[in-house]
Amino acid sequence: MKENILIIGGGAAGMEAATQLQKMGLTPIIVEKSEALGGHIAQWDRLFPAFHPAKDVVDQMLEQVKGVKTYLNTEVADIQRDNDGFHAILSNNEKIDAKAVVLATGFDVFKAERKQEYGYGIYNNVMTSVELEKFFRTGKDARINNPKKIGFVHCVGARDVKVCNTYCSKVCCTTALKQACEIKEVFPDAEVYTFYMDLRMFGPGYEDLYLKTQKDFDVKCVRGRVCEVSEDMDGRLVIKAEDTLFGKPLKMTLDVLVLMCSMEKNKSIDAIQQKLGVANNSDGFMQIKNMYLGMNDTAQDGVFVAGACTAPKSLPDTIGEARSVATQVFNYINR
Amino acid sequence: MDFGFCLSPSSHVKMDTVDLTTFNRLKETNPDINTCIACGSCTATCTAGNFTEMSFRRILLMLQRGKEDEAKKMIQRCMLCGKCTLVCPRGINIRKILLDITR
Amino acid sequence: MLPFVLGMAFVLTYCVVGLLRVIAQLPKDDRKQFWRSLVTPKTAWANIRDLFGDCLFHVKIWKRNPVLGYMHSAIAFGWFMIIVIGHIMLFTLKPLQNVEVQGFEGMFTNFYYPIFYKFFATETPVFAFLMDFFLLMIISGILIAVVKKIYSKIVGVKRVTKFGLADNMIRFALWTIFPLRLLAEKTNIMGFWWAYSIDLCIFMCMLPFTRYMHIPTEALFILLRHAGLNAREPRKGYALAQIYSCPSCGLCIDACPMSVNDKNSGNTSAYFMKKLRNADDAEAKRIAETCLMCGKCVMVCPVSIESCDIKFSQRAAVPYNINSDHSYLDVISTETQRSGEILSNNNKVLYFAGCMTQLTPKIMRSMKQIMESAGENYDFMDKDGGICCGRPMLLSGKTAEAQAMIAKNTELIKKSGAKKLVLSCPICYKVFKDEYHLEGIEIQHHTQYIDELIKKGKLKVNKGEVNYVYHDPCELGRAFGVYDEPREVIENVGNLKKAKSEKELSICCGGSLGSFNLTQQERDEITENSVNDLMFNNPEQIVTACPLCLKTFVRKSPVAVKDIAEVVVENI
Amino acid sequence: MIIEGKQKIWADYQKDIPDDHYFYVRSCIRQAFWPGSEVTFLDITRNKLGKDFYENPYHTTCGGIAYHSDTIPQETAMTIIARQFALMKESGYENYVCSCITSFGCYTETLETWHEYPELEAKIRQYLWDSCKKEFAKPKYLAHASDLIYKFRFEIAKQMKFPLVNVKTGKPLKVVEHIGCHYSKMFPSKGFGGAEYPHVLVGMIEAWGGEVVDYPERRQCCGFGFRQYFVQANRGYSESNTHKKFESMEPYEPDLIITNCPGCPYFLDRWQYVIAEQTGKTYGKNGYGIPALTYEEVAGLVMGYDPWDLGLQMHQVAIEPLLEKMGIPYDPKKKYQGLNGKDLGQPMCPSCIKSV
Amino acid sequence: MEYRFKGHLVEELYKDYRIKEGMKACMNCGVCTAVCPAAEFYKYNPKNIVNIVARKNEQDLEDLLKSDTIWYCGECMSCVTRCPRANAPGLVIMALRKLSMRSGLYMQSEKGRQQYVVVKDLCSNILNYGYCVYPRTFDYETHKEFGPVGKWINDNLDDLHARMGSNLDGDGPGGLRKIPKESLDQLKNIFDVTGATELMEQVLGDAHEEAVKENLSDEEYFMKVYTENDWEKHLNH
């Protein structure tokens, strides 16, 4: 029995779900809006906590997903549902019939310029974590010019009423420490500071990474949110924060400031999501049926979700969800 | 002219100019010093802390924020009882560091 | 004969100068005390007893290890006897054999004559037998020494001191003296006599610069020790005598709990004394601050060197840039009396839990229950946190600072009107016993107190079925010999199993406040070793009587670890 | 500095206010310290631009300074504001513009609080009735007077005689903008350009040919601090804040500071004198200070008003070097004259900062 | 001095709309303190204030209301802009100050007692002239920072305002015009109705009582409070 399963999104969640569904004898079809599979993770250099090359993981996933029918540079333009299942029209006008839909549309990176006081897009040497990762991958970034002092700001676009994101973005803490170590590897003489509020080292080996960051890499963790950034005569960045553990305001000049941008829901899927009748939760991510046992289910039968479209998630979380969604879909088809 | 008031000094910790000599000296012999997670266990258990402001966590911070004089003043309160070392979740040899600061 | 005379002259001069130096360095009071002790009959007798017992017969080593005891006493006593018999022969046979020399030269010959007796004269058979007997005795001792050098485990020693070139050379010199003498005596070849004489010269000339200096120094040290002196400075006076008295025998190396990690066996007392002798200040300081101060090395030392005291004085010698300021203590008592509900006069027992017990509240709770069950009139001195007893300060060499706390606690205790002070922490117990002046107030460790309550019938306990092993806290056992009370208490409430090393030989838990430098990992190794030792007879629970031992053992113990008070409460 | 980034924010933070028919309320501080500014504002809007700005003689203080000095309860301040709104209603206006930034903050805070807590609005309505027998209507649009100059900046530029350009070098003047804290810090969307990169003064500077200086302590408060200034013992706080700002802007060598709050230019001006007296330091060139002007004064200058009609002689920091840079003719004799050339004597010379 | 307020301080504080508006949950990130001018020049930390208020402990609140701490804020409201939890420490301070004055606890701190000066100056200006600030009340001797120009302005007040086009004490519209009596009466009514008069009289009364206790005239007491400055104590080293 071959049944079509439409998977929207070809990132880690979509690829892994497709791989599993294919192994189960179903016919997954991936629709990916960009020109390649891999999603955000394909843009990443190394993964926390063990500095494993992201390419390794992505390559393996690409290898496994090879036989799956994939549309690149394509979006779902319209989707209808009847008793036979789902009928989607793609942006290339092709039509796809499917028994079930998996939304694996992932996340968007918070637009750092929205946090105006950090001056991203205004002060030259303010950059985002995504851009820093690109620097690690390519070794090129005009802003990084043998810096002597580098700062990381946590929770940019997260835990912040002022940008309407009250949730924690989960992976930024660990990413910040990973990147802090990496930048220290590139510039061993540089002083590296992270400005955090809580260091949420939630996974196996993550706390060890924290310890390593402190002990081996001499990264200085300051508890306090950076409150404003400005530029001095030389184009260096002057930042202010409270050292909350010390209870005094603190001021320092940095060469580069990295903003740990949060995850927001990928909004390009909103129209299709609405057509499918999947609502958003208060954080703006897709609403799941149940936090414990129904994390892949939506209010609509046959519409499933996996990965960061429902909440900020790490790569292992996402892959776990992708595998579990495959089981859910399989059970749904064979119900 | 006496205006009846004058400029106040800034309380900002100026990280650009802070003197870390003592902290770096300690770091050489006690690399653990970097691993403090500011949990406050040392302060909570401190025998002298029961009567004074004594807090090892703060002493470490003072040294990193250029307030060496304050740190040394606070250390005077210490009774060296060693409870802090026993409760530190990162296993920092606090008593040793305290002694090293004093000499 | 010339080499011998030269060597002898050198070594005697050195010893006399050294003796004068040590005595000169003694503080005035100590010096007076020393002179007085020499003529006091009691100490004089002890001096004579120990001079023979320790220097010649090495009674302490015998006790510890008979093979080594034999080795040492064979060489020392044998040599001594040869010299003595030589002199007896000189005085008994000389007139008969017409070898008298008069005047200054006579004094000189008397001096070396016995050493080369056979070269000058013949012995009577009895003397000849005695001389040969002792010579062979010495040589047998040397044989053991050679074997020990090659394979120490045969004689029951795991680790031996590692020596430098000079120490190895003089040892070789010592080993060869007696075989050469034997050869010379038996063959009477001039060359052997010369070799014997030169060997003696080498030995004596090197003596002041090597560990064998302990041979002459130990005698002085015994006298000083019996005078009841304390080391006040790490390199002067009494300490100097001890430094030179250390034979570097290495018995302390195996005894030291730190030696569980070979890397740390260099931190043992034998090396500490050596660093002091070699004036290696930095290393001496480091070792002094690494030591756990458990006192086991002192316990096993055949010479009774008080290395912990010297380490104390070494710590105290480190200058501090910051003086402690505990003036805030003054305010406490007068204003708030925070450190306890101060008692009315009719309370008899005052319980001072101490800092460490604050971290193990179950001990406090158990003590409360025990005192209540026994119907005691008691009160807590530091229910909401008290003032440190001062012992850690002392351990850091800050004597004056410790006095601030001691004075404040003394004031609070005296004000309480209590007749008895009970402590559940041996660290406190040690300092209360040694440093506090609490006339009229009985100071008891809670093991002693509970034992007394049971014996008096105030506290009724049931004998349970649990097999316990008891760990002797260093500052209770070795420091004060409180070995029996806790054991009796435990036997009242359960079965007491033996540990592999007990009482004065018990192994420090590794948590000691004495050490500044040991890392957590190094401490854990010590703890594991100590736990293994306690688990020798597969007890079901480990019982200790020190909150710090308790906290330390809990980290590594496969079975439950409890304070003696808890165990008692479980069986009330 | 990437100017496009700021431009994007400026485009996002544009508020919708009409450009005519306003009920104008004065500022206690501006009318007392910079009387020429309000006169100039009304002259420009009414006479040069032909707009309707009505002033009701019965309006009073909004009580904002007393409120922020914690001398009157919140309800009192709100009821005084409600009374002003009632006067607006009685005069037949819907658009409300105030000259004071503290007032602007209080009006905004009041309207927002009423929005959030309608029961409080009802309570105030009752208070106003009980005390004054008046009823108020909330204004349809609320603006600060600088918002309107901002809105008219290009029209003003059309009538401009002396742009913010150094006539000797031909280069734009370097201008520091200082925004009153209560303009947009509490409610960023209520100010042109928001709270972080307000455009209200930047827009004027750019339209009139100047170059904006963005320095690290730009967003800092001048240090007024209400009770921190009113009590002599506290003035060190106020002075220290201004000192911090000048230390930060000094390396940029600004020619001029432009402000939209009435108090800030006073403090930025007078504290320069005090700092000079106490420490010997001046922040302008050749022992002069940096002039700190109101936006009305700057608008007046570029439009060719006589400096002494604008009241620039009421600043302690000498204005002449700026006038010379801009090529504005002035008669030094008239600086210290009253009406009809009446001789009013001259202020003493300070010991440190140059006054002429 | 025992304080006149007999109720529950925490309860009373939480009735204030500024607490409702400005006091949500704090995550201790410190942005308010980082940007705060008072935290730079005084022994002051707005984050700590918010935490004490959030704790709702009667004793802690009382201690806070008695202290100099709440009087350090300059109410610039910079903290309001950036708080990620939309708290407004500046508003919280205003509510605390009001309660401190109402309860009388403000009299127990040096900075609190200064309220006498501010209340006396500002309230009388509003009630007498209809303005918070009125130039005829300016005194150069107690405001040396006016500088030579300020002194010159004071000395020629009428001439200068006439020159500048003000309507100083005149009728009809214009700067510094005389506020009509009916408007001043309305302000007085507002003060009476909304509790400002009561608060003002309490503060003036407290000051008088204190002056009598210290054997000073009201004017002497005013100058004492106006100039008294335990400078070192207030600094945040």
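The chains carry the letters A, B, C, D and E, assigned in the order they are written, with residues numbered from 1 in each.
Please note the rule applied: a residue touches a chain if its C-beta (ideal position, glycine included) is under 8 Å from a C-beta of that chain, and two chains touch if they have at least 3 such contacts.
Small disclaimer: the values here were computed from a predicted structure and weren't measured.
Visitor: Given the touch definition stated above, what is the smallest step count connecting chain D to chain E?
Guide: Minimum step count, chain D to chain E: 1.
Visitor: Taking the mean of each chain's Cα atoms, which chain ends up nearest the overall Cα mean?
Guide: B
Visitor: Looking only at C-beta pairs that count as contacts, which pair of chains has more of them, A-E or B-E?
Guide: Between the two chain pairs, A-E has more contacting C-beta pairs.
Visitor: Based on the averaged CA atom positions, which chain is farthest from chain E?
Guide: C
Visitor: Which chain maximises the distance between its CA centroid and that of chain B?
Guide: D
Visitor: Roughly how far is chain B from chain C, centre to centre by C-alpha average, rounded to an integer in Å?
Guide: Each chain's C-alpha centroid was found; their separation is 38 Å.
Visitor: Any idea how many Å lie between the Cα centroids of chain A and chain B?
Guide: Centre separation, chain A to chain B: 39 Å.
Visitor: Taking each chain's centre as its mean C-alpha position, how far apart are chain B and chain D in Å?
Guide: 46
Visitor: Identify all positions of chain A at which a residue touches two or more other chains, and write them in rising order.
Guide: As it turns out, chain A has residues touching two or more other chains at 117, 223, 228, 240, 243, 248-250.
Visitor: Two or more other chains in contact with one residue: find those residues in chain E.
Guide: Counting only residues that touch two or more other chains, chain E contributes 35, 39-42, 81, 145, 227, 229, 231, 236.
Visitor: Chain B: which residues touch two or more other chains?
Guide: Counting only residues that touch two or more other chains, chain B contributes 1, 3-6, 8, 10-12.
Visitor: Which category does the touching pattern between chains fall into here: line, ring, star, complete, or other?
Guide: The chain contacts form none of line, ring, star or complete graph.
Visitor: Touching pairs of chains, all of them, please.
Guide: Contacting pairs: A-B, A-D, A-E, B-C, B-D, B-E, D-E.
Visitor: Under the touch definition given earlier, write down the residues of chain B that touch chain C in their complex.
Guide: Where chain B meets chain C, its residues are 45, 47-48, 50-52, 72-73, 75-83, 86-87, 91, 93, 95-96, 99, 101-103.
Visitor: Which residues of chain E touch chain D once you look at their complex with the stated criterion?
Guide: Counting only chain E, the residues touching chain D are 16-18, 20-21, 35, 37-38, 40-42, 71-78, 80-81, 88, 94, 97-98, 101, 111, 114-115, 117-119, 121-123, 126, 130-135, 142-143, 145-153, 155-156, 159-166, 171-177, 179-180, 182-184, 186-187, 189-196, 199-200, 203, 225-229, 231.
Visitor: What residues of chain A sit close enough to touch chain E in their complex?
Guide: Against chain E, the touching part of chain A is residues 117, 155, 159-162, 197, 223-228, 240-244, 247-250.
Visitor: Please name which positions on chain D make contact with chain E in the complex.
Guide: These residues of chain D touch chain E: 26, 28-29, 31-32, 35-36, 38-39, 55-61, 63-66, 68-76, 79-80, 83, 105, 113, 116-117, 120, 127-128, 130-132, 134, 181-182, 185-186, 188, 195-196, 219-221, 223-228, 230-241, 244, 270-271, 273-274, 309, 311, 313-316, 336-339, 342, 344-350, 355.
Visitor: State the interface residues of chain D toward chain B in the complex, per the touch definition above.
Guide: On the chain D side, the touching residues are 232-237, 239-240, 243-244, 274-275, 277-279, 351.
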